[in-house]
Amino acid sequence: MTTDPTRDQDHVEEGEPVLEVRDLRKVFRVRSEDSRGTEELVAVDNVSFSLHEAGSLAVVGESGSGKTTVARMIAGLETPTSGTVRIAEPAQAPAAGGTLSSRSARRERHRRIQMVFQDPYSSLNPQHTIQRCLDDVLRLHFRDLGTEARAARVAQLLEYVGLDDRHLSLRPRSLSGGQRQRVAIARALACEPRVLILDEAVSALDVSVQGQILNLLGDLRSTLGVAYLFVSHDLAVVQQVTDDAIVMHRGVVVERGSTDEVLTSPSAEYTRRLLDAVTRPGWKPMRHSLLERPVTRLLPVPGRAHSGD
Amino acid sequence: MTVLADPTVVVENAEAQRGRRDYTLAVLVVLIGLIVCAAVLAPWIAPHPPNQTDILGTGAGPSASHLLGTDALGRDIFSRLLYGARLSLLGPALIIAFATLAGVFLAISSVWIGGWYDVLVSRLLDLLFAIPGLLVAILAVAVIGPGLLAPVIALSLAYTPYIARVLRSVALRERQLAYIESSTLIGYSAWTICTRQLLPNVTSLIRAQATIAFGAALVDLAATSYLGLGVQPPTAEWGIMVANGQSSLLNGQPWESVSAGVMIVVVVVLVNLIGERLASRAENA
Amino acid sequence: MTSQLLEVDGLHVDIPIRGRLRSVIHDGSFAIARGESLGLVGESGSGKSMTARTIMRLLMRGAVATGSVRFDGEDVLAMSPAKLRRYQGANVSMIYQDPRAHINPVRTIGDFLLEGPAARGVPRREAHDRAVDLLGQVGIADGGRRMRQYPHQLSGGLLQRVMIASALLTSPELLLADEPTTALDVTTQEEVMAILDEQRQGRQLAMLFITHDLDLAAAVTDRMAVMYAGMIIEVGASEGIHTEARHPYTVGLLGSRPVIGQRSRIQTVPGRPISAFEAGSGCVFAARCPFRIDRCVAERPALRDVGGREVACHRAEELQGRIEFPKEALT
């Protein structure tokens, strides 16, 4: 991970949020439609929010909303153009046991925040067994944990996500999508992060499996006290796992509030449109007038493939 | 209580895991193995010392004591073939070993580092690729002098781009996948990710490429010896034997050239077939 | 009897997977009347996409289909090449989940749209005007300009509308829609679905609508068939699906989806959806069904009439659709 002056990793005081994002902004240079020269695309435009200990915040939006870019900037996979991200220090006494070695300090930032990706089919190394996948993470972060203690911790992590030792010697290709996502969650939890980002983590799963994973995520939050940043386009899913929500449209936050408020009495036109589009018993598709673009956005990039038209 | 996952393993993939028996591949490998064994055991199985001349028995045809006859200096061709195998196989092995090491390093580092480094390495490889291996070998010999060393060095350089280029595009594709990104996020060092996450997922392709390149390297090396630039007489080696036997060929005694030539062809064909099979397995994985 | 536009009877399809022939559809039987819209709902491995491809006779090499697929009385699986071309070109149209994979990226939208009519000998001017008109009907106002553009210049939603226009251009009698909106944003999905529904009703077009979303299917179809592991396990009117569903899987699927306004633990169906070849010889859903009895594992239930719906479940009358899945999964 590159060092980034705008990413302040200082200790966050008790009582303060575990994640604080201020005026986050990301501007990309893209080729313009006539292929002559480039222009700016503001993917994320001054986004701010905070997440509290064991809280759960949804970042809702469709493609082009910037929600994934926000998540990636917070995780450190993308550098913000401007703005700050502050994440609370990881717990000093690891649940895995043992003590942290001094070398672990360099790894510390990876113990503050972890992410589960959307595609279960490419987020695990195809050559590694599940055992190796989890064991390697423990070795990396908790250096003086003995072999037995590590094995015990791996067993515990599997239990958390509803898998068992039958799955240890298997490689990802022998697992279903739902099982792979469970492994991905276990792997993320192995680092004992304060914040877990779930980037469309259930979107690629079958409906009957989605429910299992959603229930699982709910259970984990109450058991482990980890905070969730849940990025999704699916409002019904968001309702299950989150307490608060922000809605993004073309890089701008158009609405924020508790999930219940946002879903039952939204104030922004876009949120209403999004809600109307969710299929439910008795739903019928309706045609709507063109949605207005949010005012603060700079030059939109013509020809760029957004699915919203 | 947490929600339990379904314990059943995905059927079709479980079966594929057990590996599909490829009998043809096994046979090919055994054949090559036999040749390698013969080369290794040459000192023990060769009926005559390779350099033992017999002025009275030159140019003899096949007989009981000389299975393939003798060459212009009366040396036993069969024994020279066996001893020759050692150099003819060792040379390409060294070349490919070096080319693979260098190619893997260059490909993976360019994919990981990207930017100007990637561009620089790519241009360098393009340059190497553009110059025919044989030419480089000839130039090397001109500088260092005849013998095995110069061609091996030159061909090692010449074959590096073969491995590197193919590997680079596959590695590039792998690198985009989520598991590499999540490795970064988990905190593994770049070295660890490249060697323990990325590399294992491209080894099947490396094996395939290296095997195919082996055949080509063998031919190139034999060619340098044929031209008199590589291995020098009286050392036994297939390329030299092809050259030495030419005059006898015109006199009606093809045994030396033909047997050495056939050995080269046989080995190259076997190796190519193996390489092709490995390549299609790598693709299907 | 040709009152039904499409009749599928006893369809079995095997496809090659990793070199071996595997069953993906088992004993498929259903019918679509003229102008009727039938939904085909299922998750991965259910065989729903394969059903559509079989109806179009667009199966991959090595696939084996037995049974009958009768379009207007004629068996599609036994059609001669000439008849098949006409069938695939004019009688039936299909729209796919990923429009980009089905449009040549180096040719214009106009080329794409006019290819079919040109092959049938329609004069270019007439075909062009019809195409522009159709584009207008699917909500693309500046059709002429769009026809000169290339696929990469259009968003997913626009491209899918172009696909719909292209499908309608041949004036088909049956439209097969294979998850046409799954890859689109939800607001775009609503728009595209509204257009599709409008067009279909306006033309009295028969449609087979494939999706994993029960509520979506209920919105645009007259009847729905639910598939699981290659078998149709329930068929009935779309209108009452939420209250009238009889098969445990259908009920489970209905309950798996969180409902806005209700925050409670989701009733989950334990396990994961399987393909036809992974199911045993009894009921395909037996392994995951909390209501299974010995008979279910031993004997595969056939589709039969239960209270106005067709259900493939031995216990359909007994359970009466009053099915509650445990909130925790069973091992």
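First chain written, first letter: the chains are A, B and C, and each begins at residue 1.
One rule holds for everything that comes next: a contact is a pair of C-beta atoms (placed from the backbone, for glycine too) under 8 Å apart; a residue touches a chain by one contact, two chains touch by 3 or more.
For clarity, every value in this text was computed on a predicted model and none was experimentally measured.
Distances from each chain's CA mean to the overall CA mean are smallest for chain A.
The chain with its Cα centroid farthest from the Cα centroid of subunit B is C. Centroids of subunit A and subunit B (each the mean of its C-alpha atoms) stand 47 Å apart. For this pair, subunit A with subunit C, the centres built from the Cα atoms lie 32 Å apart. Centroid to centroid, with C-alpha atoms defining each point, subunit B and subunit C lie 52 Å apart. Shown for subunit B are the residues in touch with two or more other chains, namely 3-4, 6, 16. Residue positions of subunit A touching 2 or more other chains: 162, 176, 178-179, 212, 215.
Touching two or more other chains at once are residues 268, 270, 272, 329 of subunit C. Contact residues on subunit A toward subunit C in their complex (touch as defined above): 33, 62-63, 162, 176-179, 206-212, 214-215, 218, 233-237, 239-240, 260, 263-264, 273-281, 283-288, 291, 303, 305-309. Against subunit A, the residues of subunit C that register as touching in their complex are 43-44, 139, 152-158, 183-191, 193-195, 197-198, 212-213, 215-216, 218-220, 242, 252-253, 255-261, 263, 265-270, 272-273, 327, 329.
For subunit B in complex with subunit A, the residues that touch the partner chain are 2-7, 9-10, 13-14, 16-17, 177-179, 181-188, 196-197, 200-201. Only residues 1, 75-77, 107, 109-111, 114-115, 117-119, 122-128, 136-137, 140-141, 159-164, 166-167, 170-171, 173-176, 178-179, 182, 184, 187, 191, 212-213, 215-216, 219-220 of subunit A touch subunit B when the two sit together in their complex.
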